[in-house]
Amino acid sequence: MTTLKIQTPIIIVNFKTYSEATGKKAVELAKKAEKASKETGVHIVVAPQFTDIAHVAEAVEIPVFAQHIDAVCPGAFTGHVLAESVKEAGAVGTLINHSERQLKLADVDAVIRHAKEKELTSCVCTSNPAISAAVAYLHPDIISIEPPELIGTGIAVSKAQPEAVTNTIKLVRAVNDHAVILCGAGISHGEDVAVALKLGTQGVLVASGIVKAKDPYIVLQEFADASKI
Amino acid sequence: MTTLKIQTPIIIVNFKTYSEATGKKAVELAKKAEKASKETGVHIVVAPQFTDIAHVAEAVEIPVFAQHIDAVCPGAFTGHVLAESVKEAGAVGTLINHSERQLKLADVDAVIRHAKEKELTSCVCTSNPAISAAVAYLHPDIISIEPPELIGTGIAVSKAQPEAVTNTIKLVRAVNDHAVILCGAGISHGEDVAVALKLGTQGVLVASGIVKAKDPYIVLQEFADASKI
Amino acid sequence: MTTLKIQTPIIIVNFKTYSEATGKKAVELAKKAEKASKETGVHIVVAPQFTDIAHVAEAVEIPVFAQHIDAVCPGAFTGHVLAESVKEAGAVGTLINHSERQLKLADVDAVIRHAKEKELTSCVCTSNPAISAAVAYLHPDIISIEPPELIGTGIAVSKAQPEAVTNTIKLVRAVNDHAVILCGAGISHGEDVAVALKLGTQGVLVASGIVKAKDPYIVLQEFADASKI
Amino acid sequence: MTTLKIQTPIIIVNFKTYSEATGKKAVELAKKAEKASKETGVHIVVAPQFTDIAHVAEAVEIPVFAQHIDAVCPGAFTGHVLAESVKEAGAVGTLINHSERQLKLADVDAVIRHAKEKELTSCVCTSNPAISAAVAYLHPDIISIEPPELIGTGIAVSKAQPEAVTNTIKLVRAVNDHAVILCGAGISHGEDVAVALKLGTQGVLVASGIVKAKDPYIVLQEFADASKI
């Protein structure tokens, strides 16, 4: 997978720093995602922690994203995360500007450019339609709208704020016809995914809905099935 | 290695985000450090990027440190770095508060505690003697004084600011008799290391002096030899 | 002045934290700006430090801007700067996202909204044409492009990077036909101002070129005269 | 008042960014504090927002503190707050590192030094005894322990966490015999103040307990009376 071909519908699973998705458990969860992807034919991406990218990328064939990269180039930047480094570890893309790891405006631009140069798929998270439209001008590969007040609540953006999703699509498409548009926050049921796609998105960005599920594989399958309709 | 036994003299090699120490090159450099350590009997630690910890820790038997951890616990912290995660990837310690990745005061305290709970050796970087003494009260395992104006210059702290080193030792020892005290910044020659130890430190924290050297192995050997005298 | 009527051409003088523009000297400099504005008929705005807004606004009739506001509402935010507070102190507008005080993307959006609610004119600083276009979607009153590498150099953006200016105008105008567009960085001579206007901007954002000048009044007059042509 | 003579017991009232303590209301509240101070003979300090320092300092004779200063010197630091500027506006001291405006460790040190150079009284906020002891080594004039989980709750630190207060005193006094020690968070009643002093502090840092009170003057009087016993 390169930045040039993103298959949709797409489900991106953000592992965050959940203990259920750290270390060996990250690899196990990625394998479940791979299994659900193969069985359903739906494109599933996993976004583990930096330290787990290498092992996850070795264990599965589905695409692996980083959760963040810093706006720095190779050099004297102790403790930072390079586009180059997540790529060499096996990532093919990265989340950018997640509401839990926000970037300065100029750094959002810089990081999208770095990702492009290194052929990493860039997925920028935004919190409302206006910001989504602003980001559309910076030409990321994927824009995912996630109203922060719904993250982790189990109240799905697609059902609670459908207009945030449709306005994002409308505003983004006015200036950018190729970015893949996702939505996230509170996605917990297959129906939430189905509604998101019906609203016009090309997939979802999910986290606790999968990672914290009793049986993540079952829920992944449910999400994938719902996204095929 | 646990937090309980740090052998000295010790040389910690910070790989930063140098391209010469990223991915496969990180593993190669770690192997050179391991070879120099075994041949000289001097304790050498390597601190690669987050994404390289797993492969480096699998490739070498010398201790591996992270370059930074965030002051967060497992949970919804996209793009952050957990003590738990660097440990599971194979790190046995971590740099904290490097001048290129500074932390808020309260987070320095929190991160030292997290490291202790997870049995990671904590190495806090400080920029002057007063800050070193302040940090001594937070009980890290290692304190490394690095005047930021000398970092990357090739002008060794041990020769350019010997009083910063000796004052750090004096102030720290007044309140903390067990923390290992190192110095860093500009260390480029075996003599810089020898002088650092003569001033009373128990080792050095180095980066470009090794990573950017034409032959890092030769310089590592030189540093290790100088630290034995 | 409200957000509804910004007269152009406009010269905004950013006092930064220069000692030449702090306290009583801020009031003196503002009076010189007022004199130059009255004599030339050119709209000049002054942007002093937070602590000087009240005295400057009492001393002059030309518009006073804050240099920054925080993305917070009234409440428990010790040490932060409210839109409400700079307004009550006498400011009628504010700089936002200056390269020396950058904001997270979501906060740029929030702060523009706060300014609008409080009827403060918002002037967002950007560092390249793509970011300018992104910001245009957030509907500030003024967009000022300032390539950070030229700030404080005396090398004028209008002469060194005319294409950054014209591309900003082109991209911004494609989505936003009412925002006032300025440029800044290195503006030191009347000619720099004249060129900026000839490129299509509606004014300039200046700092050291005025504040650090031997005779700021003479330079302000020169800038104002140049902007009339 | 200079850094050399801080009279105790002392009550510092942090105005935060409460609307009840902004602009004209900041001046009114400061006058009430002055009245309570004169009537009771108890030293009361007010800490208004940056934009209100000048008017408050002109209106009252009691000491005025800033809520924060940045670790920068005069120069090109748009939107930052200088020690020099709050001093020229009329402040005689400053809060530092409040839990709502935390600083990097190195900046806490730098800001205490700047305050000292400009003869501003420095009051550093800390969140636990170990951090208080660390800060004691940086020689601020005042250390105020404020467990962040109690701020704004109405549950007084002096009653809910007396051991945090007494441990702070014990650890600080082991290394620093001159810093004034305060406590804050949740202080709402005269008794909370009395208990704080009985535990060994020399005063309190309060905010909502006064600012949000129905009649701040009555509560200030109650606090001042309680601190005399």
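As written, the chains take the letters A, B, C and D, and residue 1 is the first residue of each chain.
As a working rule, a residue touches a chain if its C-beta (ideal position, glycine included) is under 8 Å from a C-beta of that chain, and two chains touch if they have at least 3 such contacts.
It should be emphasised that the depicted structure is a prediction, and the values quoted were computed from it without experimental measurement.
> With one step meaning two chains touch, work out the least steps from chain A to chain D.
Between chain A and chain D, the shortest chain-hopping route counts 2.
> Shared touching chains for chain C and chain D?
Intersection of chain C and chain D contact lists gives nothing.
> Where centres are the averaged C-alpha coordinates, which chain has the largest centre distance to chain B?
Using the mean of the C-alpha atoms as each chain's centre, the farthest one from chain B is C.
> Need the CA-centroid distance for the pair chain A / chain B, whole Å please.
Centre-to-centre distance between chain A and chain B: 34 Å.
> Can you work out the whole-Å distance between the CA centroids of chain A and chain C?
About 37 Å separates the centre of chain A from that of chain C.
> Round to the nearest whole Å and give the separation of the Cα centres of chain B and chain C.
Averaging C-alpha atoms per chain gives centres 44 Å apart.
> Mind pulling the residue numbers of chain A that touch at least two other chains?
99
> Name the touching chain pairs, would you?
Chain pairs that touch: A-B, A-C, B-D, C-D.
> For the complex, which residues does chain B have touching chain D?
Residues of chain B touching chain D: 97, 99, 102-106, 108-109, 126-128, 130-131, 133-139, 171, 175.
> With touch defined as at the start, can you tell me which chain A residues reach chain B in the complex?
14, 16-19, 22-24, 49-55, 67-68, 72, 74-82, 84-86, 88-89, 95, 98-101, 151-152, 207-208
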